[in-house]
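Each of the two complexes below includes chain A, the first together with chain B, the second together with chain C.
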Partner chain A sequence: MLWVILRRLRDLVVVLFVVGTVLFFLLRSIPGDPATVLLGTKASPEQLERLRQDLGLTGPLYEQYLHWLGNVLTGDFGTSIKYNLPVLQMIFDNITPTLTLAVVSTVISFLLTVLIVTWVTVAPHNRVARLVSRAAQFGLALPEFWLALLAVYLFALTFGWFPPSGYTPLFADPATAITQLTLPVAVLVIGQTAFLTITMEESVLGELTQLYLRTARAKGVGERRIMLRHVLPNSMLPVLTSVGLNFASLIGGVVVIESIFVIPGLGTTLLGAVYARDFPLIQGGVMFIAFLFVLVNLLVDLAYALIDPKVRVS
Partner chain B sequence: MDRTGQRRKTKIVALVALGLLLSACGTATKSPTTPAAQSGAGQGDPGQPVRGGNLTVRLAQDPGSLDTVQNSNAGTSYLGHEIFESLVAIDADYQPQPVLAESYKKSDDGLTYTFTLRKGIVFSDGSPLKASDVVASMRYWVDKGSYAGSLKPVLKDITAPDDGTAVFTLKAPFNLVALIAASHGSGIRKASDVAAAGATGIPQDHVIGTGPYKLKSWTAGQEIVLERNDKYQPPSGTSSGYAGAKGAYLDTITYKVVADRDAAFNGLQTGLFDVAEPSYDQYDQIKQNPNLKVGVEGAANIQYVALNHNSGSIFSKQEARDAMNMLVDKKAIMDSQGVPDLVLPSNGAFATQTNKAMYSEAGKAKWDQHDPERAKQLFAAAGLRPDQTIRMITTDEFPQFKDALVIIQDSLKKIGIKATIESYDFATLMGRKNNEPNSWDVLALMDDANPPVPSYSDNVQGMDNMGYPRDKLAPLLTAYNAAKTPEEQKQELDKIQAFTSENLPTLTLYNARSYVAYNPKVNGYDGWGLEFANVWLAR
Partner chain C sequence: MTADLVTAPPAPVPARIRSFARRNPTLVVTGGLLVAITLLVLVLPPFLPDPDAADPVNRLLSPSAEHLMGTDKYGRDLFARWASAGRISIGMTLLITVCAVTLGTSIGLVAGYFARAGTVIMRIVDAWMAFPSIILAIVFAVVVGPGMMSELLAVTIIFTPYTARIIRSRVLGLTTRTYVKAARVSGMGPWKTLAVHILPNTLPLAVVQCVLLSAGAMLIDGSLSFLGLGISPPTATWGNMVADGRTYLQGHPTMVLFPGLTIALFVFLLNLTGSALRAFVDPRARMLLDQQRRQRRSRR
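Right, the complex of A and B next:
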């Protein structure tokens, strides 16, 4: 187990190095730079050049890269050009709303998925259970942005049950935070639950073909017990992988939801940074997402080992 | 398919249909027919102003910094006017009025301006305003900003002979007061704050001014909160534009960063925001909403297309620029916005009609020309080959730019000329314009339509190297700056406008006014951008 963790940590360093390096050169190869955004359309070429010099954007690219790399190795991810604040501070300030959305929606989706699939598995002939299960495919087909707009229109503007937008930290004012989070979380939960339900159902179908179930039935174990004690737990592994990947992609991918519901998360911040060509913030933000991605995958692997004794043994 | 499956599918379809029907019914009931909104700024403000309350304002972007010199973001300007004051500022008629200056004097030769500061002014942190602060702020404004670009070549020095006097000495006459008054970057800061400026300007923890409000808190990307500056000492005179005494009635002003236009509109409707500047396509809906008021701003932006004068473009030829002027149906482009209340013909002028000191109709006759057949002949005379394509570029961030280019593209097509439109984010657009000057022909943008000094915007890097008659413009600007009386200035201004219209560095399309939608409890709004120094909330 320790060896697995060490190997993953080594991979993490490689991933961060590659992501950071590729991004560094990619950002400097696209048209536009922070100076033009800051100074606007009327700036003279001399003013633009002077600001570029002040920002350290002139000189050979390899020198800029080595300077950046040296700083990163000492834990200095630089200062946001737009906000004039340390990049790490910007990331930590803006990750909380995104993490709140991701954690809450993932937990609810996971629990709903387990409930739905358990219900369908234990009561395969129940019409409502089947309907809910079929609805998963429908839920997967609905674009999140469309759902979000519909939710705002119906539940905020028409019925007035929830605010159309806004964000309050969960622990600062829980009541307000929950009303503000309800719609965005609900929209995310629909898509995630649909995806996880389909994944888990397929896993259950695969598990139902396993020979050990025949042995269990031959021993006289009841069908309900077989489903609850054997089929469902063994079907969880692919779901865990999906939950992990889904969670990691949410960290950088909920920008549309953040934008519609005006949630000041990392995705929105990074999008603004791209428009402003805020190179240090883009690099730091993307590397942080890559870091989380690898970390979540590591945690999923560790969870595998906890759930499945075969993985531990191997 | 078995019948059970069929029934299940029918149920799902019915549920979806119900949802869509519900949505459609909602749409129908959300279209009020009572036009109860008030148009025009400053109308219907009942009662006496009262102090207190918080005003929540939607801000489209976090400006990042409040360095009004180096940061061209609109939000920086909006907030800067609440926090900082200038020596002089424009009133609602765009005339300079003293604010921090008690008075100013121009020498007979026009080479020295002496500003006497009002006594007893203190910054919001309690430190007294000194002429050394003025000198530091003004030097920073000239050195780092683009607004004072035309002043820089003629500025000799800025000095402070004593704590209450600031002196500008010039190498040649220049309309200095007008420039300072109109620039949002000319606000006076503490000299120590100016000294704290880094590569990206003055940091957020050095935002101290003498204006009616001061910075209370700033959560990057989320909100900026201003609070009343109790040490604010208003100038004499009633409030007008950026000049005059401001009421500072509000306890706080909270600027919420909301990029999404629809989210801003929803926030207005549900009372999350008190004030917002919505988009043009939301104007009719807002006007029909009885719970919102509309204030059309007095100022406007000029929407224009820049014609590339570099040798790689057909528009380096005068005939091609004249052809474009003949071809473009400015009225059709203006009408395409669908908001007649908010658009005005530009008449080719580089200032709006409201800016009386800078507005000139000397180029109107040429601007009014519209003759596609003649345009076709002129394009041929300019040497446009049949296989040549006119390359138009713009940004997606302002939909009106692309609207205009689509109409121009259609006009070109009708006379047999191919044209392409490429749209980018702003940074990419600027990169393309500056770094690949021969890769485009037409660029759609907008500009502040209220220059304090004659504006001659070429917007194309390296134009002077192409034999463009900048040498003929310089004497005209010199004559304007040397004019002794407003009448003389007006005559010289007409000459500059005529010169601009003759050479067509840009082709103005129309003037676009912004508007503000606000909650009826907001009073005292005077149609002056997102400025709330005189706004109060009804109890």
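Right, the complex of A and C next:
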């Protein structure tokens, strides 16, 4: 178990190093002088020189790279050009809404998926249950940005049940926060549940061919008990892996949702950074997302070990 | 003479098509609808008003017989824009998919056939698969400027590993086949073996990948043009049409409804076609699936 964690930590360092390095050279490969691009042609030579100094743009490329690497290793990701704040601080200021959306929607989707698939597996005759699992195919095809706008139109503009946009920290004012979060979370949940439901149904199908089922039936275990005790718990593991792998597309969804519901999260910050050509902020933000991805998959591995004794032994 | 007795004359084409349709109803219906939408989008524009022609008198009209989807803030006919956007969105989806599948198949072939290089390649592929495409598109939007090129680069890079993985596992299975060994023993070089014996056997899988990936490509294309990171106005895409309609959501929800619904429908059809095609191409998977279905049914 310790090995798994150590290996993952090594991977984490490698991924961050590679992502950081590639980004560094990609962003430096943009034609033209970033300082001129940022300050415009009217800036004085002294201003340009100072900005180049600040950005670490003086000296040959390898020197710039080593300089940047040294800074990163000491925890200095640079200063945002647009906001003139340390990048790391900006990320931490904006991470809460993003994490809230991602975590809340993932937890709800996971529970919902287990419920739906359990229902379909235990009561295969139930028409409604089968309809719900069929609907997953359609849910997978819905673009988030469109679904979000439809939800805003119906539930915010027409019925007025929820506010069309806005964000309040969850612990500052729970009541307002929950009404504001309902629509964004619901949109994310629909897409994710559709994906997870299909994954889990496939995994249930695979589990149904296993021979231990015959043993269980032979010794007289009831059909319902076989499903609940044997098939479903075993089919849940691939779903857990999918949660980890789906993190990438979840982040994509969160960026879109943040932009629609005007939520001041990491996605909004990054999009703003693109329009402002705020290189240090982009570099830091993207590296942070890579970091999150590896972290999520480490957590999935740990959860695996908790749930499945087979993993713990090997 | 005997040859005449053994080989029955091929069935006439219509009959063959009919029997194919009877065996694969989903494939024919969903594939047919996809082709129909694509043809519609290709054929219609010459008969419609100019999608970029502004008409300030008829601004923000609701759908009517004259303007099937209404008009936008400049009075441009939204149905004409929908059709020309379809050309761009479908074209972009195809372009991304073909690039990703070609690249992925090449990587998969090499990684599957040359064992040692393969392990290294797959490690890299796994790492780059992990990256959120929207984030990568953000990076490329900064590097090459937001637009078609940044979108193509970002989404191709993200989608390539999926194909590479699947093709590689297929190639790994093929290299142990006797005819591949025979080719090698008889002195055929590795590249020629790959081209003659292995590549043709991976093509059906690559085609299935094309269809399944294009569903994802269309969704991401939509999101990116919606966020202004893909192809941007005045060129219409289904994604940026939704973004345009966003401002008028309250009074003119159809501006958002139609283009988004088209994306949803198209992606849905692509997903169904892809699954049906996979079952058609891979008889073993189909057999397994049938068997499982039968077992399931017997339980009911």
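In this section, the second predicted complex is superposed on the first by the 280 of 314 C-alpha atoms of A that agree within 3 Å, B and C clash if a C-alpha of one lies under 4 Å from a C-alpha of the other, contacts with A are read in each partner's own complex, and residues count from 1 in each chain.
Note that a residue touches a chain if its C-beta (ideal position, glycine included) is under 8 Å from a C-beta of that chain, and two chains touch if they have at least 3 such contacts.
A quick note: this is a predicted structure, and the numbers were derived from the prediction, not measured.
By the touch criterion stated above, A:T209 is placed in contact with chain C alone, chain B being left untouched. Judged by the touch definition given at the top, the superposed model places A:R130 against chain B, while chain C stays out of reach.
In the superposition on chain A, A:V152 makes contact with both chain B and chain C. By the touch criterion stated above, A:E144 is placed in contact with chain C alone, chain B being left untouched. Once the two complexes are laid over each other on the shared chain, residue contacts for A:L88 go to neither chain B nor chain C.
Once chain A of one complex is fitted onto chain A of the other, the partner contacts of A:V107 are absent, as it touches neither chain B nor chain C.
Applying the stated contact rule after C-alpha superposition, one finds that A:R277 touches each of chain B and chain C. Look at A:S259: by the touch rule set out above, it reaches both chain B and chain C. When the shared chain is aligned, chain B comes close enough to touch A:P163, but chain C does not. Residues 30, 138, 149-150, 152-153, 157, 259-260, 274, 277 of chain A lie at the contact with chain B in one complex and at the contact with chain C in the other.
Per the touch definition, chain A reaches chain B in the complex via residues 30-34, 36-45, 47-48, 51, 54-56, 79-85, 90, 93-94, 127, 130-131, 134-135, 138, 149-150, 152-154, 156-158, 160, 163-167, 259-262, 264, 268-269, 272, 274-277. Of all the residues in chain B, the ones that touch chain A in their complex are 4, 8, 11-12, 16, 19, 22-23, 26, 29-30, 61-62, 64-65, 70-72, 144, 146-147, 149, 198-201, 203-204, 219-222, 256-260, 262-263, 266-267, 269-270, 272, 424-432, 434-436, 445, 447, 457, 459, 461.
Against chain C, in their complex, chain A makes its touches with residues 14-15, 18-19, 23, 26-27, 29-30, 124-125, 137-138, 140-147, 149-150, 152-153, 157, 205-206, 208-209, 223, 247-249, 251-252, 255-256, 259-260, 270-271, 274, 277, 279, 282, 286, 289-290, 293-294, 297. Looking at the complex, you find that chain C touches chain A at residues 127, 130-135, 138-139, 141-143, 146, 215, 219-220, 222-223, 226-227, 229, 239, 242-243, 245-246, 249-250, 253, 256-257, 259-261, 263-265, 267-268, 271-272, 288-289, 291-292, 295-296, 299-300.
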